[in-house]
Amino acid sequence: MGIRVGIVGGTGYTGVELLRLLARHPEVELAAITSRGDAGRPVSDMFPSLRGHVDLAFSDPAQAGLERCDAVFFATPNGIAMQQVPALLDAGVKVIDLAADFRLKDEASWEKWYGMPHACPEVLKGAVYGLPEVNREQVRSAQLVANPGCYPTAVQLGFIPLIEAGVVDRASLIADAKSGVSGAGRKAEVHTLFAEAGDNFKAYGVPGHRHLPEIRQGLAAVAGEEVGLTFVPHLTPLIRGIHATLYARLTKDCDLQALFENRYRGERFVDVLPAGSHPETRSVRASNNCRIAVHRPQGGDTVVVLSVIDNLVKGAAGQAVQNMNLMFGFAESCGLELVPVLP
Amino acid sequence: MGIRVGIVGGTGYTGVELLRLLARHPEVELAAITSRGDAGRPVSDMFPSLRGHVDLAFSDPAQAGLERCDAVFFATPNGIAMQQVPALLDAGVKVIDLAADFRLKDEASWEKWYGMPHACPEVLKGAVYGLPEVNREQVRSAQLVANPGCYPTAVQLGFIPLIEAGVVDRASLIADAKSGVSGAGRKAEVHTLFAEAGDNFKAYGVPGHRHLPEIRQGLAAVAGEEVGLTFVPHLTPLIRGIHATLYARLTKDCDLQALFENRYRGERFVDVLPAGSHPETRSVRASNNCRIAVHRPQGGDTVVVLSVIDNLVKGAAGQAVQNMNLMFGFAESCGLELVPVLP
Amino acid sequence: MGIRVGIVGGTGYTGVELLRLLARHPEVELAAITSRGDAGRPVSDMFPSLRGHVDLAFSDPAQAGLERCDAVFFATPNGIAMQQVPALLDAGVKVIDLAADFRLKDEASWEKWYGMPHACPEVLKGAVYGLPEVNREQVRSAQLVANPGCYPTAVQLGFIPLIEAGVVDRASLIADAKSGVSGAGRKAEVHTLFAEAGDNFKAYGVPGHRHLPEIRQGLAAVAGEEVGLTFVPHLTPLIRGIHATLYARLTKDCDLQALFENRYRGERFVDVLPAGSHPETRSVRASNNCRIAVHRPQGGDTVVVLSVIDNLVKGAAGQAVQNMNLMFGFAESCGLELVPVLP
Amino acid sequence: MGIRVGIVGGTGYTGVELLRLLARHPEVELAAITSRGDAGRPVSDMFPSLRGHVDLAFSDPAQAGLERCDAVFFATPNGIAMQQVPALLDAGVKVIDLAADFRLKDEASWEKWYGMPHACPEVLKGAVYGLPEVNREQVRSAQLVANPGCYPTAVQLGFIPLIEAGVVDRASLIADAKSGVSGAGRKAEVHTLFAEAGDNFKAYGVPGHRHLPEIRQGLAAVAGEEVGLTFVPHLTPLIRGIHATLYARLTKDCDLQALFENRYRGERFVDVLPAGSHPETRSVRASNNCRIAVHRPQGGDTVVVLSVIDNLVKGAAGQAVQNMNLMFGFAESCGLELVPVLP
């Protein structure tokens, strides 16, 4: 019947997306989905899209028997997982946290950006940052995976070939990123109402966004030294999708197209488009793909990388399932052979 | 390797949706996709969403070898299939036409509504109208299936239980239907531009729409007599989705909820929601489901039925695959176990 | 300097729309805008669109000096105005309530539909229902105007010519209405989030919506007897706009086009389109117009009326200003000569 | 009765927006609107939003009597105005071209980027580039104004204070710009269909966009030397609006907020927001404003400027009217006192 899987916090967008993917995963048995506020309510009552696919009701976290699961996903707000993960690890459960609790290695930095003390800093070190295209082997043997943020996934996948090859100035990277509104979650807030976010475009968090230290940490790990990054996120009237437009100053001539193609050859979920392409967010909608194009406008010394993902799939639930597949020795693409939905 | 399948006219929305579904269908080998204008161009070049899933190039219709296919889908504008179908039928190919060429049984009516002479009126009689929830057995043995229109699917599935049970006035039915913009196809036209159809809502075709005679014919077949129907279609700023709001005058008291649940018990793709529900189009997005709710406001004598489908799936490509499954003896839901994409 | 005007509850969509209109109204001096939660905050800080046009800060209701205004608009949730209006009336202030507190004449009906006791039922009788195309003379001399709801405005303007002329069956009217999401207000709620209401379409309130008794009351007043109405509202992914599709059974032959043109001849804000037209919501976007077309499909006995308004203008703030103009003897279109914004 | 104004090419979005603005302009009499394909058709038949505001019919260009107008706007595709402008100039008419025919001073550059020979290169030199915040005095006395492109307006207004003050590296400017779909015009094309551009985000023209030389020319004029610019435009699912996110490397410390406020003090249509702000496109919707914020993230040496306009107003028709006002000695904001439409 497959491994027993639990989901903590099943009422947000990453939760319902996990359900969409796991409901059809051949190696998974959905054992529990928790929601403090909606315990007892059938999942398909809140999400009629799941009628006929998910028969569970939300259960109270305390009675969900998560410690008897093989794997538990946390699709909770930041600060929840770190309260519960140590006990699950002790019980031998493998854990994938889709929130930010274990993404930053540096406790002080985490506490600064997330505005609270960390509940289990001793666990931070052992957590593996779950970007399989970088850390595949560590993920395979991890007991706790910190699933990357949506922006960090799109931005890192776009910069990594350049950083690894040492062909750009690492001190002056720029990431201009645009996200669909589902990235803000399913919380009732004024600024993400249809009549606020629709037919509207804006930047936010320019002075500093929580994904900045995460991206810097990831790129520094690849570079072997600190990197300088300006990161500007924007809200765009899409439901799903992230488009990262990345700028770097070329310091060494090279065949950029070949560099990217070689770096991602064999990667099932990273697709380097032909030279001259402009990836669209909808070309990955509802799928676990990242599509990337690299440009050098007018042959100058600025490299422009365009990187798109679906923030709820490769940017959240899909990458989490990809990590689960690795952790349990399933085929990496198991349950993720999703053809993007277009139009 | 499965049956060999060809698609005529693969560059529109019903074509690319067929590709999305057939690319993952375990019993199908995609043999040919034709496009007069784009012959030789890789399909995934036009639709990057299909990179990694479809390796074919568009082929010229004359050289596609369609007569060697087991099944051929026509995803062409009205008036094309009728030119080519007779030869394919003679060659023993099973054909599913997603356009309107074989939907109306009456030649004169077809010519009136479609404004051209019919190229093979003798074939009309043998074509089976492919609404499996009504004509399942005939579809199983059909060689030519006329795949229903998108509005007609949503409207008929909503009215059928009432008509069959004889509990409403058949002379005064009203169907107020709203469609997403993909229903207008992938033609370059001003009125479906983003800046025209976006943030805008309008009715169209009130004096008469081509789906009116199709719905009337279908309901009359069920009723055993002519029906009176007012049909008002609207364009709404969705990409995918049809919402039909149906009104009928109750002539006999009955348990409407039970009536609907009984009628569709066992139907894999028609889901009767609990009493009091309001189905959303997104609850079926990218899936082959129709979800229906029935209301009797304030206990009066007006029945209100709410019926939603994805116009490109149950309203086109998905229903076509459902018909193919029946024609070839596959499980009816083979390749159609799609979890709706929400949000 | 014009009349002194106060707005109670300036932080919602009807409030900010009143500000947009009144900021350019030549006969108005904006004296106060209240908000309990945002007192002291500059209005243009919350709504940067008003920078350079509105210099006021929100003031605390208790200190706003509303009783010294010539006119006060209530742009508050239901149940607020009725607490404060009697005192203002006593002070000689003219009041326009954009909420529902004074719309229903029958206290019991009001309490049933709004779920609370009415705070000043004695005032109900004197309130004038502010649909100028019906009650223009009463509005001129009113001290308290109940500004109609958005749906009721679109629906009544569409039905009135038919009802007045007595050419349709008054017992079986159907109003299928579609609203943009701004109609739900600027409250933080999940179901109106961009990622919920975007790319989605649904009916709601089919068992009974608060605008039903309001429409019935208005049509009954015109008819001189009760009317039977089925009213189904829908949420459509527009920001602004209502499209009402109305159905009635014709009981007497007549020239429908002439009927409508004659009824609204001379009305500045009701535009009867040429025969065969389909009004779009965007054709009235950001303006105080209602545009109407009347159809009789296939010459049958069903009349179809299409009626569009901008729910925030003719459906709320614009109609309120129109009423104010009448109450103070200004030109009825003063400050309302708005050219719709298209695209 | 005001000056007599003609519009050549009134069927596109810049044309209909000119009509919206000029219909209410107190100093203007609309004399003629031409359209080769729609001559004789009432303007309000094509654009029902203008019913009651514009009574003209489209006229044939040859019979429109444009040479008897005081001012003529060209709202035509590139390459049309240059055919007709010399004769109008000879007749003493003042001309404002909203297309690109007179924007580039260098004939060779124009021919390279626009792919055709220029019909009247001798006129190029005398044309004034109509960005009033830079060239106000020249515009006042111009007979021919080249109205700036939409991207160039947003980008230049954001960079100009930095360039003029000499505080950034002029060799490595980056402009990441996002445009609503109306910027692509009202042509029937597949890529701007609702079902293509909706719920989708993409970059385009990264190898080179026609607005690149225009921006470079404008900034070079301000800088007194060539500038290095990387320009990446994106298509975002808005109807109206441009958001430019600009990056520059700071070479000299300075008070950026004061720099911007001082530069634009007294400018009616450029609004520098308080420090820390993030302008939204909707805050300028349907108005002639540009709103700008300047940031220096984490106190580093990268300056980030956020600049928003409505591409059809300050980016096209509004700026054209602003130029007309200057050319005829009207108040610069005459007819442009538009309160942005929000939501």
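We call the chains A, B, C and D, going by the order they appear; numbering starts again at 1 in every chain.
Following the convention adopted for this analysis, a residue touches a chain if its C-beta (ideal position, glycine included) is under 8 Å from a C-beta of that chain, and two chains touch if they have at least 3 such contacts.
Here is each chain with its UniProt name: A, B, C, D = N-acetyl-gamma-glutamyl-phosphate reductase.
This is a predicted model, so every value here is computed, not measured.
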item	value
A-B, B-C or B-D - pair sharing over half of the C-D contact pairs	A-B
Centroid-based (C-alpha) most distant chain relative to chain C	A
Interface with more contacting C-beta pairs, comparing A-C to A-D	A-D
Chain A-chain B separation of Cα centroids, rounded to whole Å	36
Whole-Å separation of chain centres (CA-atom averages), chain A against chain C	45
Separation of mean Cα positions, chain D and chain A [Å, integer]	39
In chain A, residues with contacts to at least two other chains	13, 180, 182, 186, 195-196, 198-199, 237, 239-240, 279-280, 282, 285, 343
Complex contact set, residues of chain D against chain A	172, 174, 176, 178, 180, 195-196, 198-204, 206-208, 228, 230-232, 234, 236-241, 243, 245, 247, 249, 276, 278-282, 285, 295, 297-298, 300, 302, 304, 306, 308, 343
Residues of chain D defined as touching chain C within the complex	13, 16, 20, 23-24, 47-53, 182, 186, 198-199, 239-240, 271, 273, 277, 279-280, 282-287, 289, 291, 312, 337, 339-343
For the chain D and chain B complex, residues of the former touching the latter	13, 180-182, 184, 186-190, 192-199, 237, 239
